[in-house]
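First chain A sits with chain B, and in the next complex the same chain sits with chain C.
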Partner chain A sequence: MIIPPPSPRPQTPPLLELVNITKRFGSFVANEKISMKLPPGSFHALIGENGAGKSTLVKCIMGFHTAEEGDIVIDGHSRQISSPHDAYQYGIGMVYQHFTLVPAMTVAENLVLSNPAVPAVINWKMEMDRLRTFMKTAPFQVDLDTPTGELAAGQKQKVEILKQLYLETKLLILDEPTSVLTPSEADEALGLIKSKVTAGELSVLLITHKFREVFGFCDEITVLRRGKFAGAGKVKDLTRDDIAAMMMGGQREARTSGKSVRERGPVALELVGLHANKDSGVEAVGGVDLAIQEGEIVGIAGVSGNGQRELVEVIAGQRPATSGEVRVHGEAYRSTRVESFNHKVFLLPEEPLRNACVPQMSVAENIAFRNFDKPPQTRGGCFISRKAIRGAAQELITRFSVKTRSTETPIGDLSGGNVQRAVLARELGPGTARVLIAANPCFGLDFAAVESIHNQITEARNRGVAVLLVSEDLDELLKLADRLLVISHGEFVYETTPAEADIKTIGQHMAGH
Partner chain B sequence: MNAESIGWWGVPIGILAGAIRGGTPFLLVSLGECLTEKSGKINLGLEGVLLMGAMTAYAISYKSGSPWVGVMAAGIAGAVLGSIHAFLVSRPKVNDIAAGIAMLLFGTGFAFYLGKPFIQPSAPQLPGISLGGWSHLPQIAAALKISPLFVLGVIIAFIMRWVFRSTRWGMQVRAVGDSPAAARAMGVSVSKTRFICIVAGSAMGGIGGAHLSLFYPGAWTEAISSGQGLMAVALVIFARWNPVQCLWASLLFGGAQAVGPSLQAVGINTGYYLWNASPYVLTLLVMIITCSNKRTLAGAPGALGAGS
Partner chain C sequence: MSQISNAKASTLAPVAPTPPLASAGANWRGSLEAVLIPIGAIIVALLLFGVFCFSQGANAGGVFGAIYKAAFGSWYSFQNTLVRAAPLMLTALCTALPARLGLVMIGNEGALVAGGLAATAAGLAVQAAPPVVVWTVMMLAGMVGGGLWITIVGLLYYKRGVNETISSLLMNYIAIALLNHLVNGPMRDPASLNKPSSYPIPDQKMLPVLWSSNVHYGLIFGIIACVIAWVLMEHTTFGFKIRMIGGNVRAAKMAGLAVSRLGLITCFLGGAAAGIAGMVEVAAVHGRANESLAAGYGYAGILVAFIARHRGLPIILVSTLLGGLLASGGILQRQFKMPDATILVFEGLVFLVVLFSDSLYGKFKIFKEGGA
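Right, the complex of A and B next:
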């Protein structure tokens, strides 16, 4: 018998049990007989490599997918959750891996719309008052009147977390919430959430790839591997290596490419007095000058929303510069397809599914974007060979270990980390890059993938590629960059090298002091 | 009743009258299209809906003797056509442009087929609302005798603006149109929302047709629409998907339609046909001006034209 959800929502965290959950997509088994238990007031980590089935499992809890087999048991009763609204009624809420904000709506509209308790006719004055009161106690501040489409990834993520706090969710599922936050922002956010857990007001199920967060905040852990249960336990009884072994099934070869000492070549990428606006017309990049030599990685650190996104978009050709110029190898560069091909400029933008993919097109087609019109993919100047496209894609899929059912799967169906890998395969696969621009390239990747991408970037540098690395992960920048710039309010405010870097000073400049 | 007595004043008065009279079908159809597009789908079939509405309104008004029953029937006819379109586009891999063109041809053909017997008889017309009683000039009085459906359109425009801004349902429609994935994550049914929007939008288009046959020009002929249903699509873009701006844009298009006839009324015949082309030229200009290489248009629903 199916019991309808309780009509006043729970005031305390529920006890959630998953029993033998199986979820298939066609013949592909994404989750196979997975069980776990989340007592009230626990902080539970769910980890596993890219494509292990973590997002799929929690989407079953949210009613976004329906599991073919198994039970979702809440406070001892087997329940059917067939939509996110049902989940809301049980006090369950989730921050999704891909953003679920409506881009054309303001932050305030998004928050209000997400709240099922808001009446059919909205009294904006009252709602705004409530929102402002809520924002006073919120862990981070976001301007309520900005359309969310104009926010950088990090800010969007903050809005997503704020949304759940605003909805008074009792069981919060976080799908890689901190990938786009700086470590200090992540600590702040998780710290605040942790204090609510400790007070017994909240349970959390956290999907993450960061061991730091597992050991810093979580009590218990469940590990998935290839859709199956691979282990569980109390965090305090486990070591990093135990968990890594569960994730990878013991087989894992560690390999770190060191930076070679090499003569730097001539300047490859140059930004001269670059200005650019946000969509709203407000200036986002305010006169940026930068020269990157061949064989050099220049890192740009900053809190998201300080012009990084617009800067990368200008170089990518997605946004016009209001003044100033981008030069590559001394020539003006307007990022046309021909220019990027001739100068071998490659790009890993943030939110790759949005900025570098066509979600409905297949993995093979997406991987072929750079070269589908060149031989051997195109023969005789105009005949596209699907076979050659598939073959080339298959080779890259294997080499970059992209987990996909086939080359013909729509890329939008891939797990978050695998979308990232597919784009990487396209951009770094041919190995011909001379200039590489990477924005948060490790957003949402498991540790093995992070390591492999860091190696790829370092190797590219060692080959003489000029790399611009924009990242909100300071550790990543300190590890990879030869030179580090801090961006604040659209301008470079501080320059240092990782060797001399002082985290505190960098932090102060990032915060705009 | 001749324009000479007020001389050149006849031109602006004629254009004003034309803006309101001729703008009414634009207004109702563009509001319907605006609602449809806000939910992320396009309905090019509204031209067919317009004709179907005009024919139905005329026929039912003739049979029943009440123009208001005719207006209601036109709305229902529009909704029925709309529900076919809505059903088609809810199927996977059905392109809304192609389905819209099919519905356009179907609606037009069907209206002509059913409307044949009603070309001759004269049906009771909608009463006009006289706002020009203060003036002793018959031209002004005539110009300000407006269609009750224009008033209805104005009311709908303001209601729609309020709905999009201040009701949960209106915001859900915007969410569905802008980011279906986000709407789904909020538990909103994308297909249901789109169904309702397309059906309601088509009903408005049908009522726009009733204005054509029951007020101005006030008869059922096959040449009654001259593409207004299609121009309304351009108009919605021009109005930036804002219902109240649809009102101003409709008046502009309606006025443009009246330029030729008003000039002719004061005796200027040169370029009559050229002037008559002005709404189409305006449509083209709108398309050219609003077509920009910078991002998507501000206000454009994000899912418009996407396969999802």
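Right, the complex of A and C next:
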């Protein structure tokens, strides 16, 4: 029997059980007979490759999807969750991969307005007092008066987590929350969430790709593979290899291909006294100089929000420089189509759906963005050949394992990892790059895909490509970069090489000391 | 040690084998959706209009019958329909082309008037030349007049961030005021007493009719313009770029597209199409510029563009339907004693329902790929 959601909301974490959940999209089975159990006060990891069905499963819990078969059992009763509001009533909340903040509103406004029971007239003084009290015990601090649109990805993620805590969520679902945090930020965030779990105030279901987080924080684990249950257990009973075996179905973790020792070529990408502003007009990039030679990976480390995003946007042509210039192969570069084609400049921006794709255009069309105006995609000088676009896309989709129903599916319908693969296919597929700019290229990808992207970047460097790698993952930078720069408050404050790198010193410079 | 590390570095790590891709035809459900939703919207609007007629004491069935007869009932009435459809096709493009950029441009009436004025001035200046020259000069002047009119809106948007919907609406009033000023002042023909007008284009230099009917060359221009617009947007690299900009400006910039230049060109093309409508109204119908130019074809063109979902070929069809409606305005007055403006009520209902139906795309599972 279906019982309506309880009122008031629970004060302690509920016992959540999923029994044989099956969810299909047309003929595609996203989840097949998946069962799992989440006792109160547990820290449960849900892992699996991209497209394994993790997001679909939690969307069933959140009421975005309705499972065709199976039961969601909360505290022993079978429940129907048909909307996120139902989930809220059961004390279940989720932090999504995509941000759900209102950019024009401040952090405080976002937090207050996230409450479904927000009154028609808000007593801001009272709410602000309540917020400040809440912030005293909050796991991380964010300036309440900043509009969220000005926050970098890492800070937005923190606000999303704070929002759930502020809503007194008792069962928190986190969808790869640490992809945009630095390792120390991630440890701090998860550690503080963990302390709430240990205190019995919260249960957590963490979708992640990072074994470090599984072993560092989680008690239990459920593994999905291609929509099916692939294993579960207590983390303390399992080894890294056990979990990898469950995820990959026997395949092993990949290794990075080695960097060849090669003579570096002439300077390919140069930044000269580059300044740029944030949207608000505040200076974000404060005069940076940089020269990257062919066959070199220069990594830029920094806490998110220190000008990295704006820097990449200037090079990508999405933001004007207020002064200074970008040069490629010695010539001024203003990211026009002709220049980027002639100089073979390619980009892997962060948030690919937002920065590099047109959601309502098809996968094939999105893959053609670099070459739709060149033969054979163009015939007779100005006519598009859909057949050529489709053909080229088909080949890249297969080669880069993009999971899509057809070449004509709007790219916005694909999962985050597959959008990323499609962009990778477009930018790296032709293999003609001479300059590559990558910003958090592995955001939200599983480890096999991460290894593969790392291989491709290294391989490109070995081919003589000049690579600018902006990343918030220090491990990634230390693994790939030939030189490492630390950016803080829009300026490069420290330079080192991975061989000589001292994590502590880097950390101090990242923190602005 | 693993297969992956040995794999070609240009290949992503193997995951599940990609299922065979469905053929391109898999998107037929989407096309069906694009046809059925507007048709459904028009049926709903018809029902609502029926209720309205009923409330006015008229027999709804009779009204529909009369509209049909007045619009498509005979060759003669169909000619009237086509005469009205021609400017609609052209003004609809003024909304439809910028719409692909993501702009909501409603300056059609203003662009029509600006084009009509420019065409009149140019036509009068070369009225001694042979007809073909007069028409060509008038056409070019109309295109430039209408095109520049909307380009101003584009410039305000791309250079200063001014909302294009508001500014294009206000530009309509400016254009109409300019028209009134010119035909009352500098361009006024002293012989036009009751209705201030410009000097007339000589009769023998007017655009001829087709097949010795009432239908003039404007219809041909309209159909050609719609076909060109369709090919341009759906089948050329230019259209591809415009769709990229309309879908995601950030991605378009990353791909190196000159966003504001392409945007301004599209605004010009949209305005130019409405400008041709103005030229046609002068050169084929009125013979001179006067307030009859601002007869509402511009505003009706907005409706056409939205119903046709801003696609060139459907605009031809929708213009014909709406042209029929406009042509039937008189019969309602004569036969049912309903005010002339009744047809505007119908138009307004259609517009509202169509705008509402826009929110229904993607809501019906049956139209989803692989869904049922």
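FYI, the second predicted complex is superposed on the first by the 506 of 513 C-alpha atoms of A that agree within 3 Å, B and C clash if a C-alpha of one lies under 4 Å from a C-alpha of the other, contacts with A are read in each partner's own complex, and residues count from 1 in each chain.
Operating definition for what follows: contacts are C-beta pairs under 8 Å (C-beta built on N, C-alpha and C of every residue); 3 or more make two chains touch, one makes a residue touch a chain.
From a predicted model like this one, the values you see are computed outputs, not experimental measurements.
> Specify the outcome, clash or fit, for chain B and chain C once both structures are aligned onto chain A.
In the arrangement built by aligning on chain A, the partners chain C and chain B clash.
> Tell me the contact category for A:S401 with respect to chain B and chain C: first, second, both or neither.
second
> By residue count, which of the two partners contacts chain A more extensively, chain B or chain C?
C
> Does the superposition put A:R370 against chain B (first), chain C (second), both, or neither?
The second partner, chain C, only.
> State whether A:M105 touches chain B only (first), chain C only (second), both chains, or neither.
In the superposed model, A:M105 contacts chain B only, not chain C.
> If you stack the two complexes on chain A, which partner ends up touching A:I122: first (chain B), second (chain C), both, or neither?
In the superposition, A:I122 contacts chain B only.
> In the superposed arrangement, which partner chain does A:A45 touch: chain B (first), chain C (second), both, or neither?
Neither: A:A45 stays clear of chain B and chain C.
> Looking at A:I72, would you say it contacts chain B, chain C, both, or neither? Reply first, second, both or neither.
A:I72: touches no partner chain.
> Applying the touch criterion given at the start, work out whether A:Q360 contacts chain B, chain C, both or neither, answering first, second, both or neither.
Both: A:Q360 reaches chain B and chain C.
> Once chain A of both complexes is superposed, is A:V204 in touch with chain B (first), chain C (second), both, or neither?
In the superposition, A:V204 touches no partner, neither chain B nor chain C.
> Give the one stretch of chain B, out of 27-35, 63-71, 99-107 or 243-251, that collides with chain C after superposing.
With chain A aligned, chain B clashes with chain C through residues 99-107.
> Hey, what residues of chain A end up touching chain B and chain C alike?
Correct list for chain A: 360.
> So in the complex, which bits of chain B are touching chain A?
165-169, 171-172, 174-175, 178-179, 181-187, 294-295, 298-299, 301-302, 307-308
> Given the complex with chain A, which residues does chain C contribute to the contact?
For chain C paired with chain A, touching residues are 1-5, 9-16, 18-19, 21-24, 26-27, 235-241, 243-244, 247-248, 250-258, 368-372.
> For the complex, give me every residue of chain A touching chain C.
Within the complex, chain A touches chain C at residues 25-28, 49-51, 226, 251-255, 257, 316-318, 335-341, 347, 349, 354-361, 365, 369-370, 372-373, 378, 382-384, 386, 390, 394, 397-409, 421, 424, 428-429, 431, 448-449, 451-453, 455-456, 458-459.
> In the complex formed with chain B, which residues of chain A make contact?
Residues of chain A touching chain B: 63-64, 83-86, 88, 96, 98-105, 109, 112-114, 116, 118-124, 149, 279, 319-320, 360.
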